[in-house]
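Next come two complexes built around subunit A: one with subunit B, the other with subunit C.
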Partner chain A sequence: MAQNPKPRSIIESLGEEIVRIITPVSICMFSVVILVSILNNSESSSASITSVATIAYSEDSSDSFWDKFEGALLNSLVFVAVVTVVTFILVLLFYLRCTSFLKYYMGFSAFLVLGFMGGEIGLFLNQYFSVPVDCVTFLLVLFNFTVVGVLAVFMSKMAIFVTQGYLVVIGMLVAYWFTLLPEWTTWMLLVAMSLYDLAAVLLPGGPLRLLVELAMARDEDIPALVYEARPVLASDLSPRENVIPRRLWREPRSGDSTLNENMTTRSNVVPNVNAVSRLESSQTVGSIVNAEEGQGSRGISELTAPLIEHRINVQMHLAQQAVETENLVLEGIGLGSSGAIKLGLGDFIFYSVLVGRAAMYDFMTVYACYLAIIAGLGITLVLLAFYQKALPALPVSVLLGVLFYLLTRLLLEVFVVQCSVNLIMF
Partner chain B sequence: MERPREVEVENNNNNPSSSASALIGGGVRQQWPTIDGPLGLSESDSLWYARNFFIFGFFLLPLLWGVNCYLFWPVLRRSTSFPHLRPYIVRSAIAFSVFTAILGSWAITFIVGGERLFGHTWDELVMYNVADKYGLTGWI
Partner chain C sequence: MTVAAGIGYALIALGPALALFTALISTKPFLILTLVSSTLLWLITLIVLSALWRAFLPFQATQFGWSYFILILTCIVFQEAVRFLLWTAYRKLEHVLNDFADRVSKPRLYLTDKMQIALAGGLGHGLAHGVFFCLSLLTPAFGPATFYVQKCSQMPFFLVSAMIALAFVIIHTFSMVIAFKGFAEQNKVDQLFVPIVHLVAGMLTLVNLASGGCMIGIPMLYLVALATLIYCGKMVFRSLTEVQSSQGNSW
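After this line comes the complex of A and B, so read on.
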């Protein structure tokens, strides 16, 4: 006779879920820091790229403080405007049910990021380390990598690890590209995007909020690049006749109805047999990162390869203790599934951009900004559990990160350097 | 416990909707063909994936074979399970190892041989020179 297994404590389940989302964020940030510290040493900082984020003003290191400030402000306003317009177009397309077009576009942008930007960064690394690889091998490997990546993004039933790995790589590549922007523009852009995120999610007319409500009303997936952590299953789960659904997005539930709705099954767009979703609070907000590659210095006309990545911002739901015990009761019948924390790819990108930019100054700022971002992520999760509403993931982390960067650079560095020089503290 | 499992496999292949009752009645642990276990594909869905990954791997995509083997690792490990899936996975594994051996030996020959072996074509083939010649790094 099987004993009743001890229910997992909240530390094991909730902590495991949080760790499973913080790990990929940390990996993405870490790899961007490494890329930045390897590749941006040799290049001069004045090699600017022409993109949509610098069309208003291209920074010059000899400008005065106010010139740079105004120019950066202008750049970021233009960028946020473009992002807003594109998000509204996305909402319109979603409203008109052009989801297949959106999916193809998502696959196409993944192809561009992995193929072109991945290839370029591979070439940079090749040149830096003088790796004697021949072009046949390199192109073959790149081709394979790209195609499998596009498949992993497209197909919902690829191996979870492969999909997660490719999403992290895509986030890393786009974040590296963003660190090539001029400095002031990058910081203003981060602040502007977090304010935009705040507005787009919480204001009633915000595009992301509209998108969420549309998807909720139709009970559909939003075609987007979303990182989904592996759901934490109870360890004693044995006969389970239904495939646990891995939908990208689920309906929000409130309070009491959660327990009853655990037992309901519904079929959905994703080809799963029975979708039983236990969902506490899932809210989606999305915004679009629009980046264009251009060849400025060569004099060739701009090769605009519009690369739009739609990402869903905080789509998180925490495991509530009550629902979990209910699930354990249902174990014997084999129903019930666990939700998993999902984080939009744009969050990965902007966190990594912040840390990458901090790495361009010194590693001390990297540590400070990393701690700030993780703390911000934790605060956002707590706020989410508290408010049970759609909340954006960018503002708290990014604003904390920028604050910590400024404080470290202006105050802490002087202190630590003086301490080290006088051999008080290393 | 072979027979109940085979019955269950048959059930799954023929009629996925009845597998639920068969399982609850029999209390047999269902075998999951993918590495993700209950989060992954069911047996009936897997055939499409296994076959298509195998076929598309022939379009110069050996990584698809590798992903196929990784995704269906339980099928590879247990040699008596999933009779419909196993041929594709085994062939994918063989093809992947053969291709990797060929590509690896070519790459190692290229690296180790260097100019002694290839002469001036080594400089023409090596990637960083190709990138410089065609200006491939000027995009960013």
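After this line comes the complex of A and C, so read on.
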């Protein structure tokens, strides 16, 4: 409105990092919802998979309420127990400095997820849309896709957009497989994983806390698959440089525990970090971090750090039982060396599982759960900036999401349908 | 309803909102966050209202007219109360933002910024309405047939609800701008305009209960939306020209 170019207002740049992390989370959730609504219509929902999460109890729709509840509870307890054990193994391996082993394992996991899971979903989509493609072409394209994906998460020299895209795809594929679990088991699993996350991060003996403390004591990065948002080049606002790295580490099991690692524990390296809040400019901190971490290569090595995970291998040969090992994606919210937010892939996966499950009921629950998860993510980030200590990222979002799912399904839907069908709106 | 028709209905209801989003809001991350939080807030109001009314639903056929009247009345009163609370929260946010701007030596909030934040908040309200009242009913209905309502049999139900949703999106979006301006300037006319318009719009949808009522109800609803739009436009134009001529902040 002014004739002369007025200086940019603060609302044009405030909150940019948050939007840059919300966008890929939303894309991942959206893709899982689309996949679920396309693929679950065409096949029967009873084709559930046998996996670690269902060894205790196989859900049957004819069971009574309490049977299902107890069965689901049992399943989730088993799952959480397995995840705990695996995380402790992870801590042990990390302690013994087997980082290259972890690194290669992570690359191998990425290969399996993209190759096999991606391939199977590709086959389903081919079937559904009757795409005219022959086996050789399909195999070739899939193989190339997979190899580029492994390189993208492995190597740091890729364009950041490609890496981000592949991470979102990996999260999407793993999340889709999790939505194939029976319903009660999925919900109990989500709640159990959030509670486990809470415990593993906050309790003194928790495995994630140990892992983070080890990493900080050695000043190394935990090998993990993390999504790093494109760093905001703050020309006028340098708050981006504030590094309050929080890493939420998930356990190996579809992104369980998230651990917020407070950069303050790295205080021997970056002394000024503690006092800096997100919104304040701290050029000095930024420069210290950049100097210490190099030209972002550190951030890249964080990105390519091996992912410690259980792999979920689902063999879809109908003759055999599908055996699942979980793919653990370490997840975390943190700030990379360039100041951009990093979010672990396990967060992506669990959020998408929640929304995918909501999509199996109705899209109204999808919208409500989506809003709840984004709100939870925002709250977690605010809490992190406030408390400046390790906090788990999963509980707030997942518990809010489950709450909104129940409220919408039980209360809102009846109300809205009643009003809408009579064309009464306000 | 085919997928193409479904997408068409969705765009009828939310097309202008999408245009507003792309043009105004998508470039400013803060407005995106405002939009999302506003949508969440209005979803929460809808959930609270549904919790209140759950025990009475579904309505029996005998109580039709009056029960809906009371329903709409309570819902609108509640939503207007929430709007006022939103205003008080926004006031605090404005102080925080201005302090932050001072700290990083950037200009304080311009008048256009404040109006854009109000617009984003209103768009969140409209979006919540459109998504939950119209969009969420579209998706289960994909398939070979469509659905007609007895009382409004000229068009498929989805088309009618999309049109009503469009009118409400417009009303909600611009009411927020008017309301915030009214609260800021302590202007009684503006402050009362918004609840009255909301109430009138809600009551107009009651006309849809009569057989064939939607032929009257929907055009009148669009008249109300148009009135809101014009009123908001005049108000904004007036305040912008005032600022330009006096170089002062009127908020």
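In this text, the second predicted complex is superposed on the first by the 308 of 426 C-alpha atoms of A that agree within 3 Å, B and C clash if a C-alpha of one lies under 4 Å from a C-alpha of the other, contacts with A are read in each partner's own complex, and residues count from 1 in each chain.
Rule of thumb we're sticking to: a residue touches a chain if its C-beta (ideal position, glycine included) is under 8 Å from a C-beta of that chain, and two chains touch if they have at least 3 such contacts.
If you're wondering where the values come from, they're calculated on a predicted model, not measured in any experiment.
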Touching partner for A:85 - first (subunit B), second (subunit C), both, neither: neither
First (subunit B), second (subunit C), both or neither touched by A:423: second
Partner chain in contact with A:364 - subunit B first, subunit C second, else both or neither: second
First, second, both or neither for A:382, with subunit B first and subunit C second: neither
Subunit B versus subunit C as contact partner of A:11, first or second or both or neither: second
First, second, both or neither for A:138, with subunit B first and subunit C second: first
Contacts of A:125 with subunit B and subunit C, given as first, second, both or neither: neither
Touching partner for A:203 - first (subunit B), second (subunit C), both, neither: neither
Shared subunit A contacts, counted only where both subunit B and subunit C touch the same residue: 237, 239
Contact set on subunit A toward subunit C in their complex: 1, 6-16, 18-19, 22, 37, 236-237, 239, 279-281, 362-364, 367-368, 371-372, 374-375, 378, 404, 407-408, 410-412, 414-426
Subunit A-touching residues of subunit B, taken from the complex the two chains share: 16-17, 19-20, 23-24, 27-30, 34-36, 38-42, 45, 49, 60-64, 67, 70-71, 103, 106-107, 110-111, 114, 125-128, 130-131, 135-140
Residues of subunit A defined as touching subunit B within the complex: 49, 116-117, 119-120, 123-124, 126-127, 130-138, 140, 143-145, 147-148, 151, 157-162, 177, 180, 230-231, 233, 237-244, 246, 271, 273, 293, 295, 297-298, 303, 333-334
Complex contact set, residues of subunit C against subunit A: 27-33, 36-37, 39-40, 43, 46-47, 49-51, 53-54, 57-59, 68, 71-72, 75-76, 79, 97, 100-101, 103-104, 106-107, 109-110, 112-113, 116-117, 129, 131-137, 139-140, 149, 151-152, 157, 160-161, 164-165, 168, 198, 201-202, 205-206, 208-209, 214, 217, 240, 244
